[in-house]
Every structure is written in structure tokens, then in C-alpha cells.
Amino acid sequence: MTIGRTTWAVPEGYIPGRSTADARDLVSHDALCFLNAGERDAQVRLTVFFTDRDPVGPYRVVVPARRSKHVRINELRDPAPIPTDTEYSTLVESDVPIVVQYTRLDSRQAANALLSTIAFAADA
Amino acid sequence: MTIGRTTWAVPEGYIPGRSTADARDLVSHDALCFLNAGERDAQVRLTVFFTDRDPVGPYRVVVPARRSKHVRINELRDPAPIPTDTEYSTLVESDVPIVVQYTRLDSRQAANALLSTIAFAADA
Amino acid sequence: MTIGRTTWAVPEGYIPGRSTADARDLVSHDALCFLNAGERDAQVRLTVFFTDRDPVGPYRVVVPARRSKHVRINELRDPAPIPTDTEYSTLVESDVPIVVQYTRLDSRQAANALLSTIAFAADA
Amino acid sequence: MTIGRTTWAVPEGYIPGRSTADARDLVSHDALCFLNAGERDAQVRLTVFFTDRDPVGPYRVVVPARRSKHVRINELRDPAPIPTDTEYSTLVESDVPIVVQYTRLDSRQAANALLSTIAFAADA
């Protein structure tokens, strides 16, 4: 079964720099969520674009065959952490079709806020 | 009238394991919302993908002709309940065209948060 | 300029039956937002689908040429009001291309929650 | 690399006229987020549509090559500020392909709310 596309874009990115909660599930975060419904592992490359400097990447993620994977942008370290309180965009490229969704949990205030959208499927 | 597609994907899934409210409408939940605008009942199969184990399914849902149906992932039982506080993805396959939207209500904190997106239409 | 499509679907619909605020801008509501960027008025027909009874409609809305229009589902009256605390779906049909987005403001609790998504463009 | 489209639409727009927070990151705002993953600067034109008067624009934005840019609608001034507490829609036209996402932060109440969606890609 081949589900999805190989190139995805998410123009919005912003990791809130504060949280009112310490528990990992309620710490402010940006997440890219991947579905690989196929039979081959997906080699995924993320490129992060900024407002005033060159893009950084690739960040490499493997999404195994027939698996879900949710990656917190906050936790990416190689080639460099993404700064908090900074506007960015993300380009996702995979060697096999996957599906990508972007979600933020913002707990800067007493009650958390959420946003989510399927990413833009950018294959030609 | 034929509206929609037969294959849909939602990479993001996470059922919050706590709620500050007891009333069913404010209990934390993930929902798949279906529109079958056509004249034939839709036999829908859900497959749930996880991070570290094989997919589970199919979960079977019937969306009658010319009906709306909102299904809480929390309440699925057959073949197995979906664990809370666990990252997952969902694949939706229907024998007739439908439209699918994914929504979460998160009431882990004093005021609820919402997210929603039309699912990814994955038909070839 | 012709922007958009003529058939749109929104599987998720739910008008929260309570609000913590009285001001119109913070009363819980579901809204369909329309952009008609073209030179001809759009005659729009909404059909509302329910879980356990036949669809209701058409609700008729005119979106004038080169205008935005945000319609609160709560405020539709003809042919019948949409009940609160009830799951529904909406089909949108227009005689000229438009763009449709769905947004909910939920103020059942002390701080409001929001969700929004571009509707599904269902043209064949 | 050519990623995206040249015409995008966002039917929903509403700048909340109040905020419980003074810090810029928590002031209520509507934002258009752009990704230009290509090698040429994007000359972007925004046209804002209203309910009861003619569209206003173009608002001109440059999104440099290989850059992210998040623009707060609240902060646009030329040719005219967008009024708060007013329903509007936005049309985005670019001379090179870009990707567009729309996000609102609403801090009218004690805890902020968020919504976001990829804009509608309206290229013929």
C-alpha cells in the first residue's frame, strides 16, 4: 500500500520558550507527525528555514515501515537545536511516500492551547 | 451525488489520559468525523499505527448513506482499545467516497483546548 | 479572477450549548467563512447532515462578488435552526467558485478554545 | 527546488481587539506564514476582502529566497491598517511558488487559544 507523498512543507513554526507545566506531555512543543503506511522504512530529511539566516539541515529521521512517528522539533539536536521563540518553516523530504501533520502544544499560560494541520503536499 | 475519497490518513493521534471534566462533552477525546453524502452506506475500516509495534485493525465503522458520524477513538473496543497517552496514526479506508476530519478536545487543564484538520485524501 | 471551487465539505460540526461569556464575539459558535474573489455574486446552498435523521436544507446564503462572508451556523433559521450539542456535517454548494473555511470558538470553559481548517474541496 | 504555488486564499480572518497580555508574543494576532524554499525572492501581494466594502490592497511583502517569513496582519499599514474585531478574508499572490499557512493567537481571555491551517492553494 502506497499512501502519501514525498515532499511536504509547513510554513508555520514557533517553539514557545516557556511552559507552565513540567510534565513532558504538557511542556510547550512543536511536533511533526509522520505516518509510514508502506512496507519500506522512510529516510526523512528535514530542512528548517529562518527569517534572517540560511536554512539548517538536514535533520535525519527514520520512520520505519508500518509505523507512526511523532517528532518534537524541540528535541532535534543534529546538526543544531532549533531556538525557541523564533519563527521558522520546515521542509520535509522522504525517499518513500509518507503523510505529515504539524501540531503545537502551547502551555505558556495556565491552560494549554493546541493547533494542528495536515502539512502541504508539495510534490510536483 | 458523489462527494469525497475512499482513502484518508491522519498522522497525528494522541488521546489525553486525563480530563478536568466528567461530562462526556468535555472529557478529553480524539474524534474522526465522517460525512457520507452519497446514497450508499459506507463500510469503513480504520487501521491504527503505533511507534513501536505492528498496526492494529481493522476497526469497522458503518457510516449510513446521507449521514454524519463522529467516532471517538477512545471508545473503539474491537479488535482492541487504543491506549491513552500514546502516539498513533490512523488510516481510513471506505468502500464508497466519504469525507474525513480529525478533531481533538484536550481537557487535561482547567480550560479545554481544540485542534482540527481535514484528513489527508490519499487516493492515488 | 476565478478563485476556488464550487463544492466543499466539512465533516465536523458541533455547536457548544453553553458559553461563559455573553458578548457576541465570545459566545460559542461554529462558523463557515466564505471568500468570493470573483466578479459575480455566489448563490450558496448549505445542506446539514445528522447522525440519525435525514439531511436538512438547503440553507441559502449569498456571498456578494469580491466580498468575505462569515456565517455562524448557530444563527441559521431557515429551513430550521441547527440544534446545539449535536454532531453534524455540512455540504456547501455554490454556483460560482468560492473558498470555504470552518472555524469554531468554544467558550464552555473559562478560556475559549479555537479550531479551524480549510474545508475539503470536493469538486470532481 | 520549486515548492508551492503562486495563489493562495484564506477565507477566515479576524483580529481580536483585546489581549490579556502585553508581551508581543502573547498579544492577540492573525499571522500569515510564508515559506520560500526557492532560489528567487518572492514578491507577494495580499488583497484583503471585507463583508461590506471593496477589497483593500495590495499589501506588498517580500519573502527572500530560502527564507521563512511570518507576517502579522495586525501590523500591516500600507495601504491601510486592517481594523480589529472585523471579519475579513485574504488572497495571496506571489510571482514565484511559495507555501502559505494561517495562524491566530487569541488572548482575549486568561489563557490563549490557537488555530492554524494551511491556506487553500488556488492555482488553476
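Letters A, B, C and D mark the chains as written, and numbering starts fresh at 1 in each.
Criterion: contacts are C-beta pairs under 8 Å (C-beta built on N, C-alpha and C of every residue); 3 or more make two chains touch, one makes a residue touch a chain.
Keep in mind it's a predicted model, so treat the numbers as computed, not measured.
Enquirer: Taking each chain's centre as the mean of its Cα atoms, which chain lies farthest from chain D?
Expert: B
Enquirer: Rounded to the nearest 5 degrees, how far is chain A rotated relative to chain B when their C-alpha atoms are superposed?
Expert: Angle of rotation between the two copies: 90 degrees.
Enquirer: Centroid from C-alpha atoms only, then distance chain A to chain D, rounded to Å. What do you get?
Expert: Taking the mean C-alpha position of each chain, the two centres sit 21 Å apart.
Enquirer: Report, in whole Å, the distance between the mean C-alpha point of chain A and the mean C-alpha point of chain C.
Expert: 30
Enquirer: What are the residue numbers in chain C that touch two or more other chains?
Expert: Where chain C meets two or more other chains at a single residue, that happens at 109-118.
Enquirer: Considering only the defined contacts, which chain A positions touch chain C in the complex?
Expert: For this pair, the touching residues of chain A are 109-111, 113, 117.
Enquirer: Which residues of chain B touch chain A in their complex?
Expert: 7, 9-14, 16, 47, 49-52, 54-55, 85, 87-89, 91, 104, 106, 108-120, 122, 124
Enquirer: What does chain B use to touch chain C in their complex?
Expert: Within the complex, chain B contacts chain C at residues 2-4, 21, 25-26, 31, 33-37, 66-70, 99-101, 103, 105, 107, 110-118, 121.
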